[in-house]
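Take a look at these structures.
In what follows, subunit A forms one complex with subunit B and a second complex with subunit C.
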Partner chain A sequence: MAERKVGWEPQGQHTLVGKEIQRLDGPVKASGQAKYANDTNPPGTLFAKLLTSPHAHAKLVMLNLDKAKAVKGVKAVIAMAEVGQEVRYEGWPIVAIAAERPEYAEDGLRAIEIKFEVLSHFVDEADLKGAEAADVTDAGEKVKLTKSLGTQKKGDVETALKEAKHVHKGFYGVNTITHMCLEPHGSHAAWDGDKLNVALSTQNVSGTAGQYVKPLGIDEASVSIKCDFIGGGFGSKFAVDEWDVACAKLAKETGKPVRLLLNRATEMQIAGNRPSAFAEVTVACDAEGKITAWDSHHWGTNGPKGGTVALTVTPYVFDPPNRTRTATGIITNCGPDRAWRAPNHPQACAYSQTAIDDLAAKAGMDSLSFFQKNLSLTNVPHIYGPELEIAAKLMDWKTKWHPRGQGGGNGPVKRGIGLALHTWGGGPHQSNVTIKVHPDGSVEVMMGSQDIGTGTRTCIAQVAADTFGLPLNAVKVSIGSNKFPKAGPSGGSTTIGGVTGPTRRTAQQALWKICDLAAAKYNVDGTSLSAKDGKLWSGDKEVCTWKQAASLVGPMALELQGGPVTEDEKLTDKQVGGVQMAEVAVDTETGVVRMVKMVAVQDIGLIVNRLLARSQVYGALIMGIAYSLVEERIMDNKTGRFINANLVDYKLPRIGDIGDLVVEFYEPEDQYKRGVIGLGEPPVIAPGAAISNAVANAIGVRVPVLPLTPKRVLDALKGARV
Partner chain B sequence: MDREPVNRSDQSSRTGDAGRSDSTNRSSPEFNRRDFLRGSGAAMAATAMAVAATEQQAAAQQQAAKVVSAAPHPVKLNVNGVDLTLTVEPRVLLIDALRNDLNLTGCKDVCDRTNCGACTVLIDGKPVYACSRLVMDVEGQKIVTSESLLSPTKTDDVVTNFCKHDGMQCGFCTPGFVMAVRGYCNQNPKATVDDCRKGLGGNICRCGTYAGVLQAAFDTAQTATPIAKGGA
Partner chain C sequence: MKSFEYARPETEAEAVEFLGTNAGQTVVLAGGTDLVSLMKAELVTPSRVVDLKRIPSLREVTRIDGGVQIGSLATLSDLAQHPLLGGYRSLFDVIDGVRAIQIQGSGTIGGDLCHLPNCWYFRGGYGLLAMDKGVSLPEVGDNRYHAILGNSGPAKFVNASRFAPALIAWGAKVRVISKVDGQKSLSHNSQSSTPNLHEEWLPLEYFYISPKTNAQGNTVLKPGQLISHVWLPDAGNMTSATYEVLQTEGLDWPLASAGVCVDVEGGLVRQARIVMGHVAPTPWLANDAARLLIGQSLNDDTAGMVADAAVSQATPLSMNDYKVQLARTAVKRALLKSVGKLEM
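After this line comes the complex of A and B, so read on.
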């Protein structure tokens, strides 16, 4: 009698799990037939647009909507701010207008009569002294713009610095970037009597309906949230925003469906960003190259709240015995932050592992050897160790390595390589599932989850079909509605474990029930049965087809519910490590950095879909290249405005700018046995430090602040020549 | 928004490509404004082009310009092989007409200013940003949108290849990229990977799908057959 146990098959024995499976919704996405919130277009839909503040800090002193209401095609106008109210950043919503066509809504916006009293502002997030000295008032009171976020001490830094062989002091920084979801934040709202149906661009299908209750005075049970597809979220789309509430109000007032998605500029100004961080660092090592001390003070802004990167991830990955860390947040008149893929980690990695690499250079050591020597200071040395070996081979590190500024051959273009390490949790969130096995053998899986582009829909189908021994197309997956069983939000790399764990367990339990029915009918031992190739088998003897077995459930489907995974089920795990290496070519005359190659080696436990997993890492590397080389929010100190809030001046890499990307998964059996772990965040963390280290290796000096724009590269080179 | 004057007389000058970096008609008499803007990055060529543009504008003004009123009026379109008539104001952009009037939402509105390529469609076989054209300017031209690439009986190679190489994540830039690849490969069959890197710079993806898109583009180019000039 075989033991029935929840879990995965041994490595290499799954038929669909772990394979390269194309995403199920690929054809409808590629052909543009997939409908996003932004594409929701039932007849009669009105188009809504916002009037937002052009000022970083101002008091609204006059607002007259009468003329706007009279504009041809305009159906409703509502104020989102009151006269007398202060607005604290550019893009602050003031008025929402719904009209028969978007062009009419624009006409309406132009007809609004509005006056502001402009107030003083502060947006220079890198300028800690300036923030301390700034004279900014809020509601007439002078505001202190700097906020201590604390100091944490371990060991004896002072003595360690005295005893150290090499001490390096440096300044590093990472500028603010936005999420730049290509589908802006927003929704389509339609009332059906007292019921509200919302197509919401959200990473949180099951958790958003309740956010309409208070502002609209509606029952949560009367709110339906739908999101079959979402055009990017990256951590910025967990909540119902005030403009989504305005959209529902406009729909109520007009009795028609209304669509309101932010325009590009507003999207960039107010719908989230990743906080900046600038750091003064002192780091030291002994004669062997072992890091003995770290002392840092970092600051930055997340907008009006005045936060920056968390203390706890500083220094990043390496935790020396003697360490002091201090952080100061700056309150600015910049748009508020939201969780950005791997919150805190990319910035901390960028200011920590650049400093550590500079220390390695000071000690005259190869960066790879230096990082290897200090792995005992990390949380997962047993993962980083072998990953570094694999990455070094793929990068051909030994051949390409040269001391700083001494490589690159002839001419102004210099080549260099660099590396960085990252870590992330990626444990499962809490999701529930309903699985139905119909008497005709077809299978349904329902979950109030969402596919944010990671391939969640496909992965759920793979796990269910694999468990039942069926082809992928035999399973219908229904997600994207809050009317399905409650599922966790998709953030923090929690989804893949969160959805596949319950699906696997519940599918196994359903299979066992069907096996028992078949066992009784065909007079075999139920626990000896397994499902494969659309049949049930007892050992290698065919017992019946899947359809025959499923027909035994009776006239109605076998339906099973399953709750979130538990740790002892060993279906999922958390805590990964990854290694990245970058190779760049830097033109020392123009300052242009060109990506030559990036290598990413990543541990993610059991891989559910190899094709989609690789896509996640490719995507993370490309987002990493973006914030390392070209992408940044630029605030104008004089006007307080986000002056590159458009896709022309806010640079992103294009298809020719990424170099060669090499992705390798670290998957020995002991890692596979850990079960499923999330992958979305980890590989986006290390590129900043890896690329910056490669540039320092190429040109012999550190370009301290990301992104490494031509001007910053030239400034660093100029500084080195003085 | 980069709106062009409502003046029908210079229509022929705007039938060229938009945002593509493989333009071959910069020196042709059919030189257009977009090419001028892009070419202006190259200082040497810019002066000559500016002169050419000025001359052409002057010539256009000499012709009897047909100025239309701002009121809605019927426009005859050919979209995915179907002839239809829309009644819209002359200021309405092709992207808005496709999305809002025809429910062809595969062309996405992303950047608001003719930069990102998410609304790419084919006009007379060439990839064009739908937000760079007024509806009235494409009257009589053949417009092909991404939706036409997939039906119960037909899946275009480019869709197959994007799926095979997973050239998508959230999928929001994907239909525009698919159309850019379709148009580029039609114009450049047998393109190499390096050609594709250079020729497909007109589209932005945020999820970072360029690696898969590049492979999909290369595969698509290998089976592409050149199209007759002016055909779809």
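After this line comes the complex of A and C, so read on.
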């Protein structure tokens, strides 16, 4: 008699879980049949557009909407800001107009009579001294633009620095980037009497209906949220935004459905960004290369709130015995930040592990040996250790390593390699599930979840089908509606564990019920039964087909609900490491950096879908290459505007810029036994430091600020020659 | 986008008729890869758009007058495949550098020559000269992509054309057409082969201007005029190349470029023309530098020496000193590439 226990099968014994399975919704996405919020446009829909502030800081002194309301085709005009109010960044929404056609809405925008009193602004996020000296008023009061985010001390840095063999001081930084979701933020809102139906581009299907309650005075039960597909979120789409509320209000006022999606410039200006961080670092080691002291002050901006990267992740991954860390936030007239894939970590990694690599160079050590030597300062040395070995082999580190700037070759193009480590949680969020086994044997799984790239549908289907011993297509998965059982938002790499854990447990419980019914009917021991190949088996003996067993549930489906996973079920876990190595070719006459190769070695516990997991890492590496080499928000100090808020000047890499990507999962049995752990975020953390370190290795000079543009590379080379 | 009239002429004469002569009122539509964006942003707000795509003569590539005549509506893909253009390597370098097949398929050579500057202040609505309350924004603001040569006047933007450096190096001319009574001629050598149609040929190097006012635009084209054709002399013994410094492998504007033509005989340079792009409000001819090559063999050292000379007069702005190095590299590499000596 086998014990019935919630859990995964031993490593290697699952039929679908852990396999390479293509995304179930790949074909509808690739063929354009998948309908996004942006595609929702039923007949009768009105088109809404926003008037936004062209100024970084201004007071609204006059607003007259009468002429706009009289424009042909315009159906409703609502103010989103009041006269007398200050707008604090370019793109601040002021008026929303709904019209029969987009052109009429634009005509309406042009007819708005509006006047601003332009006020002084500050947008130079790298300039700490400038921020301290800036003369900026807010609501008539002079304001201080810098905010101390505290200092934390451990050990005795001063003594450690005195006793250290090597001390390195340096400046590092990462510019602000935006999320650049291909599908901009926005929604389609339609009222059906008192009920509101919204197609919302969201990472938070179950958590957004409630956000309409207060602004609209509606009850949550009357709000239906639908998001079958999302064209990118990366942490920026958890909320119902003020423009979504405006969309619902315009729909109410006109009695017609309304769609309101941000245009690209506004999307980039106001729908989220990743805060910048710049750091002055002092770091020291002893004669053996063991890091003994760290002292840093970092600053940056997240817009009007005046924050930057959290203190707690500094220095990143390595935690030396003596450490002082200080942070200062700068209030700027830039758009507000939102969570960006692994909040805080990529920036902290970029300014910490570059400084540590510079210290290694100063100590005359191979970067790999230096990092290895300091693994005891990390939280998971037992993971980083073997991962570094694997990565070094895949990169051929020993052959390719050379001291900084000594790679040889007569031409202007120099090669180099670099590495970095990262860490992330990735524990499961709280999700519920309903599973139905119909008398005909078909299976339904329902969750109020979403797919931001995880492959949510596919992974749920794999787990359910695997548990019932069925082929993948026997399971129908429904997600994307808040009318399905409540699921957590997709943030923090929580989704894969959050959805597969409850699905596994609940499917197991449903299977056991069916086994009991079959046991009674066919007179075998229910606990001896297992499901495989569409049949129930008692040991090697076939008992009945799945259909025969399912028919025993009676005329109506067997329906089971399951709640969130608990730690003791051991279906899921949290806390991963991860190692990345980069190889670059730098043209020292143009400053152009080309990726040659990236190696990512990642632990993620039990892998649900190997193909999708690898895709997640590819995506993360590409996003990492983007912010390392090309991507940045450029604020113009003079005008206070985001001057590259378009897809030409805001550069992104193309396939030709990516190089060779090598992904390897670290999955010994003890890792497998931890269960499912989230993967979306960790691999996007290390590229900045790894690539910057590779560039320093290639050209012998640190290019301090990401992205590593030709200008920054040439300026660094020139600085080194002076 | 504001409403506009749409006209679709089928002959050149009809086109100039539709074009009228009211400044700022009428624009021509070629591939539309940039115009449509400019109209969406309401930076260009014409009352009439004249679509040239239905005029067959504007897309032809023919051998004529000891050279090759290219219709301004020929797309980059048309050019890439054309047998008459095999000898003009520098044009292929440009087409290849565009990378994006969508732009290669719809972008036209005439559209490229008339491409308005990519200066982000211009694109942000501050006008061609990007003046704000008497202050030059590129001078005091973010000028990382702006001019390093010819920037002492009010114009600080860089000419956006990717073909112009190569074409000017080849000694290309453009045919400018207008309505017979519509415009005074650009020069005295004008003629008219078609009734109603005024045509004149202008060396491309005289086509661009560095404007003193926003209204001047960045070319000599006056309201009612358009470029119908480009003419290139026979390649003869000349070899050519374009080198663009591109940050990415995708659709991206060059940070600096150079188009060169050289005639080498017996290992020595007999003639050389060097034109830099994306460094000044107009394509920048480096004739003095090119002259240094005459009688020399073209190698790493001489190319480097000439490249130094080509940028020796550079006057970088506060943030674009690095572009001097890029322009220098573009010249050096274009020269080496033109004689098959660029090893990368």
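We adopt the following convention: the second predicted complex is superposed on the first by the 721 of 722 C-alpha atoms of A that agree within 3 Å, B and C clash if a C-alpha of one lies under 4 Å from a C-alpha of the other, contacts with A are read in each partner's own complex, and residues count from 1 in each chain.
By our rule, contacts are C-beta pairs under 8 Å (C-beta built on N, C-alpha and C of every residue); 3 or more make two chains touch, one makes a residue touch a chain.
Note that this is a predicted model, so its numbers are computed, not measured.
Judged by the touch definition given at the top, the superposed model places A:592 against subunit C, while subunit B stays out of reach.
Once the two complexes are laid over each other on the shared chain, residue contacts for A:654 go to subunit B and to subunit C alike.
In the superposed model, A:181 makes contact with subunit B only, not with subunit C. After overlaying the two complexes on the shared chain, residue contacts for A:630 are found with subunit C alone; subunit B is out of touch. In the superposition on chain A, contact is made by A:618 with subunit B only, not with subunit C. Applying the stated contact rule after C-alpha superposition, one finds that A:31 touches subunit B and leaves subunit C untouched. A simple residue count on subunit A separates subunit B from subunit C, and the partner touching more is B.
In the overlay built on the shared chain, the residue A:103 is in contact with subunit B and with subunit C. Shared interface residues of subunit A, touching subunit B in one complex and subunit C in the other, are 103, 646, 648, 652-656. The part of subunit A that touches subunit C in the complex is made up of residues 54, 103, 106, 411-413, 589-592, 630, 634, 636-639, 641, 643-644, 646, 648-649, 651-657, 709-711, 714-715, 718.
In the complex of the two chains, the subunit C residues touching subunit A come out as 1-3, 99, 118, 120-121, 123-125, 132, 135, 137, 140-142, 144, 245-253, 255, 319-322, 325-326, 329, 343-344.
Within the complex formed with subunit B, the residues of subunit A that make contact are 22-23, 25-36, 38-39, 41, 47, 101-103, 180-183, 229-234, 263-265, 452-454, 611-612, 614-616, 618-623, 626, 646-648, 652-656, 658, 661. Residue ranges of subunit B in contact with subunit A, taken from their complex: 89, 91-92, 96, 99-100, 103-113, 115-116, 118, 145-147, 149-150, 155-156, 158-159, 162-164, 166-175, 178, 196-198, 200-201, 203-214.
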